[in-house]
Amino acid sequence: MVRYRLLDGVKKVFLFLFSIFLLSAAVFFISRLAPGDPLVSYYGERVERMGIQERVWAEEKLGLKDSVWVQYIRWLGNAIRGEFGISYKYKMDVIEVIKGRIGNTLLLGGVGFCLVFLLALLLGIFCAWHENRMPDRIVCTLGTITSCIPEFWLSLLFIFIFSTNLKWLPGSGAYAVGKADDWGSRMEHLILPLTVLVVSHIWYYAYMVRNRILEETGTDYVLLAKAKGLNKRQIMFHHCLRNAIPSYLSMAAASVPHVLGGTYIVETVFSYPGIGTLSYESARYKDYNLLMLLSILSGAFVILCNMAVQKGAERDGR
Amino acid sequence: MKDEILLDVQKLSHKFFPARKMEVKAVDEVSFQIRRGEIFGLVGESGSGKSTIAHCIMNIYQPSGGKIIFYTGNCQERRGFFNKKDMAVQEANSIDVCDPKEFRRHRRMLLAKRQIIFQDSSSSLNPRKKIREIIAEPMKIQHIAPVRGSLCAEAEYWLNQAGLDGSVLEQYPSELSGGQRQRVAIARALAMKPELLVADEPIASLDVSVQAQIMNLFLQLQKEHGFSFLFIAHDLLAVKFLCDRVGVLWRGKLVETAPSKELFENPCHPYTKTLAASIPVPHFRLRQEGDVW
Amino acid sequence: MSELLEVKDLSVSFDTPQGEAQAVRDVSFSLKSGEVLAVVGESGCGKSVLCKTVMKLLPPSAKIKSGSILVNGTDIIGYQERDMCKLRGKLFSMVFQDPMASLNPSIPVGKQVAEAVKIHQKGLSKKEIYKRAEELMRLTGIACPEEHMKWYPHQFSGGMRQRTVMAIALAGNPKIVFADEPTTALDVAVQAQILDMFKKLQKKLGMAVVFVTHDLGVAARIADRIAVMYAGKIVETGTAEEIFYDARHPYTLGLLRSLPMYAEPKGELYTIPGMPPSPLSLPKGDAFACRNEYALKIDYEEEPPMFCISDTHYAATWLLDKRAPKLPAPYR
Amino acid sequence: MEDRFEIVGIRKMPDVKLVKKEKWYQGKPVFFAILLGMILAVCLACELVMTKDPFYLDLQHCNVPPDGEFLFGTDTLGRDIFSMIWYGGRVSLFIGIVSAAVSTGIAIFVGAVSACAPAWADALLMRFTEIILSIPSLLLVLFLQAVFGENTVFSVSAAIGMTGWAAMAKVIRAEVIKLRKCEYVAASKCMGGSFLHILWEHFLPGFMPSIMFMAVMEIRSAILAESTLSFMGLGLPVEMVSWGSMLSLAEKAILTNDWWILFFPGIFLTVTLLCITRIGEYIRRKF
């Protein structure tokens, strides 16, 4: 049994590495095929005034002259040694660039994710408790409406109302100028993006929780639990929720990329200096090295989440 | 006529692999014969491999061992002649269903001559099709020209045979009761004029009074059309009432085969005895003429 | 013996998109303590709705239209969920048809039994609760309960699951146990064992049982009294002997006659013609009339009252009226 | 009186046809269907409603608030928002429908093949689907646009359609596997039904409802994707009017407090998405 598990583990790691490899290859070739001039992001406006010779020299310097295959193999060799190259735009090691930003995204995305799933769980339980009665109906209607509002439009609306007009909260950035260490300022800047993230994602999950719990309340074992004298609260928390939560958790893990994508959009609209804005910029302006590392990071994250879900499903399979 | 063998199951085995390095013998070297025009019963508890045998006979599963030989045509006249030519004819008339090559060669014929009725009529009839379409489906597949003019007329004829009237033709399975649905399944099977009808627990999910109706229907149809009938059930009483011979399955093995009367009068195998002893039989008496009350 | 449970003129109906479905119509019965009453009928005749009504376990679409449910003389028809919670498990408990579905698949069986014990015996320590749960499981015939308590329902066989459900039902020492087809999903051999265990426990603990089944054989094996239900009504009720040896209602007779056990093999079984009516559109008069060869004209006009045959034996058919014509046996 | 007790035997009961007592509109999203129908109809016949040319840059009337002439005001480039809404709606809805058709087609193909293929091919296809799912869709869309060249209505809808099928393919695969286990499929096989026959007679009607639901939801997410992409400047350019590209001007409009530029396209977008969602939910419930 132990040997079997070990073998399985090795297989999983291998599969993971292979997926990452495929992903890196795909992103590499895709990004080089796409039109756009990577030199723009390195030299900015100057590119337009460059002569042919200068261009050739610049391309050689950035290693863009060789065929795509050679470039990829070179990149792969460097990547295995842990060198991912420099960012064209920021002109420093991509790892450093990402390091400077990832904290912000983890804060926004992490807190947002936790809030979304926690609140969705609570809201779902609330709706299931009041099944088909007034509170449930009101929440359901409101939820459907909020889930239909495009995330970027909601962000714009919030900025328009709370930032431009009411001037209650800041509408862009992660902290006020020069106050990078001020947690109060950071919190203030987080409120609007977080609200957008929660409002636009919560109903999808809350509705799922609600239906999952209602599915459970229709089963025979709930009848037996009632027959043995448990009250509604005990049945809801000891039985229904207990059975609904594993599948909810696995679904939450599976939808990490979904929320991640949402975070990217919110970051872009709020000009929040995070991974989202970074990957948007890098994709748009062909900052190849940065783009590679970012895609691999988010891809690895997603694949890991999927694997965790599969593992969970296997364990739940009994 | 009665002694002629239609189906010969020889040492049939089937294994399942529910998990890695786990093997479950669902059917273990089971042999029995079904004669022409006979009702053969298979009884056993759930998980004893009854349905697996039915599925193997119908080529839904490929068995992992053994043979299922299906005799076709009228071999009776050739019996007694043993020259080579006739032997060849005899061979062509016996088909090993388990051999994929032979099965493919005789596929069309086999698929028409053997029909199956499943236990759960609600899942064996497509809920999105009308009854008319359901009954006409096998005829459409096999490209059989309807004898009674149209497919619809044909469907109505077979529905009448199964004890339903034409009013259900345009209905969907969900609009019918369980007994009616089972009748539709019977009509669909009969429409192919099968030589062998396999019924996998056809009455298990029905009510007592409907069970009686369906059993009567089986008997009457069998008398009328003369097909051989493999009746699979867990209800010993139904088997006793319906069948000529009975096989008792226990954990994938056939522990006893006997004419049904004999089996119930003196069961040999201990398992058969427990089975017979555990049927809840109500003792009751209906009032006779002249009873004082 | 006093009446433990008395149900009077109970009517229950369901709201469906097609209209009102009358599941239970004017049902009255009573139950003495320590007695086994079998409710026999075909699917859809309202027999399990009857049990669930008494336990108040009906889905929200069901409505109790009239009637009263007297338990030890108190009417519980108006009780709300909170009051019912206190009665359930202690006064009455229930066993369901499918033991797999009625156990929570993700909780070890021991814990599920212990949970039931905990509700009813407050103030016990955890150890004592588990000891009591173990005792209950041993009582219902589960071998080595201390080992099996840690198992999950899917590791159990059908019979063991049903024994566990029994243990849960017995945790609060109920006076009445409703058993809704508890043996239908089981194999014949296991069914016999469970029935014997049921009967033994019933004798030992002296509880009253309402046993719902569609199988007359099972009813004969366990019941003291039998009530036959058809289309939401009790059409005949009497002691087991009276039902099996002196049945009066044509429906009961039809059921008995269609049993294959004493029929001539390969002969023709008696069958009740037609089908039960839909609870959405019950015919006028006697619901069984359109399946009864000897239906009287009045059957199509007026519902028959309960005719008394003996102190314990009642049947609802106009054939028992003095004015009805004489019929051949076994109807008369 | 006595004749009431004569034996009449079994009388045939008149067949009672059960009629639903609910009104036809109960439980149906009639309001949303009519609303969506109206939006659709007006968008299709936008030439009849438009008061101005949606492309005309009326530089004298930039950022005009809603009034009698410009019903919904004008945007930063001086175009009439009222006219743009209907014209842009046509583009947005068209992109939604085309890309939903593309991704539904791919998803059905991949899902059905994966479900019917041998285990190794199934594993391969599913791994491929997962990788597609794990590549940031932003990148995929960028790449596909690169392949198609210039950003046109068709290239954007093709790009969105070709990136959105992965999740749907997984659902269809699960659905087909479920259908394959059905007894009526086994029964059809026993009758000699060929693979094509079973596919046509049993599989297709079997998963049509769920495909319909998913296709409707796919329209919704495609419209959403188009507007998000155009808003971020990755989809249709500002010159090509769609709800998304109209909103790409909104970021600047916020600073100048021109609420109408932000408000009208967004409201139309939200209402359309809401209608589609409600209809999708109804389809799922019904079948």
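A few points about this structure:
Labels for the chains are A, B, C and D, by order of writing; each one numbers its residues from 1.
Heads up, the rule we're going with is that contacts are C-beta pairs under 8 Å (C-beta built on N, C-alpha and C of every residue); 3 or more make two chains touch, one makes a residue touch a chain.
Every value quoted in this text rests on a predicted model; they were computed, and no experiment measured them.
Looking at B-C alongside A-C, one finds more C-beta pairs in contact between the chains of B-C. Centre-to-centre spacing of chain A and chain C amounts to 55 Å, using the average Cα coordinate of each chain. Here the CA centre of chain B is 34 Å from the CA centre of chain C. Rounded to a whole number, the gap between the C-alpha centres of chain C and chain D is 51 angstrom.
Taken together, the chains touch in the following pairs: A-C, A-D, B-C, B-D, C-D.
Against chain C, the residues of chain A that register as touching in their complex are 132, 219-221, 223-232, 238-239, 242-243, 246, 318.
In the complex of the two chains, the chain B residues touching chain C come out as 45-46, 177, 179-180, 207-213, 215-216, 219, 234-238, 240-242, 260-261, 274-275, 277-291, 293. Those residues of chain D that touch chain A in the complex are listed here as 127, 130-131, 133-140, 142-143, 145-147, 224, 227-228, 231-234, 247, 250-251, 254-255, 257, 259, 262, 266, 269-270, 273-274, 277-278, 281. Chain C meets chain A in the complex at residues 52, 55, 57, 60, 81-82, 85-86, 88-90, 93-94, 96-98, 101-107, 115-116, 119-120, 152, 154, 165, 168-169, 171-172.
On chain C, the positions that touch chain B within their shared complex are 42-43, 187-193, 195, 214-221, 244-247, 253-261, 263, 265-266, 268-272, 275, 328-330, 332.
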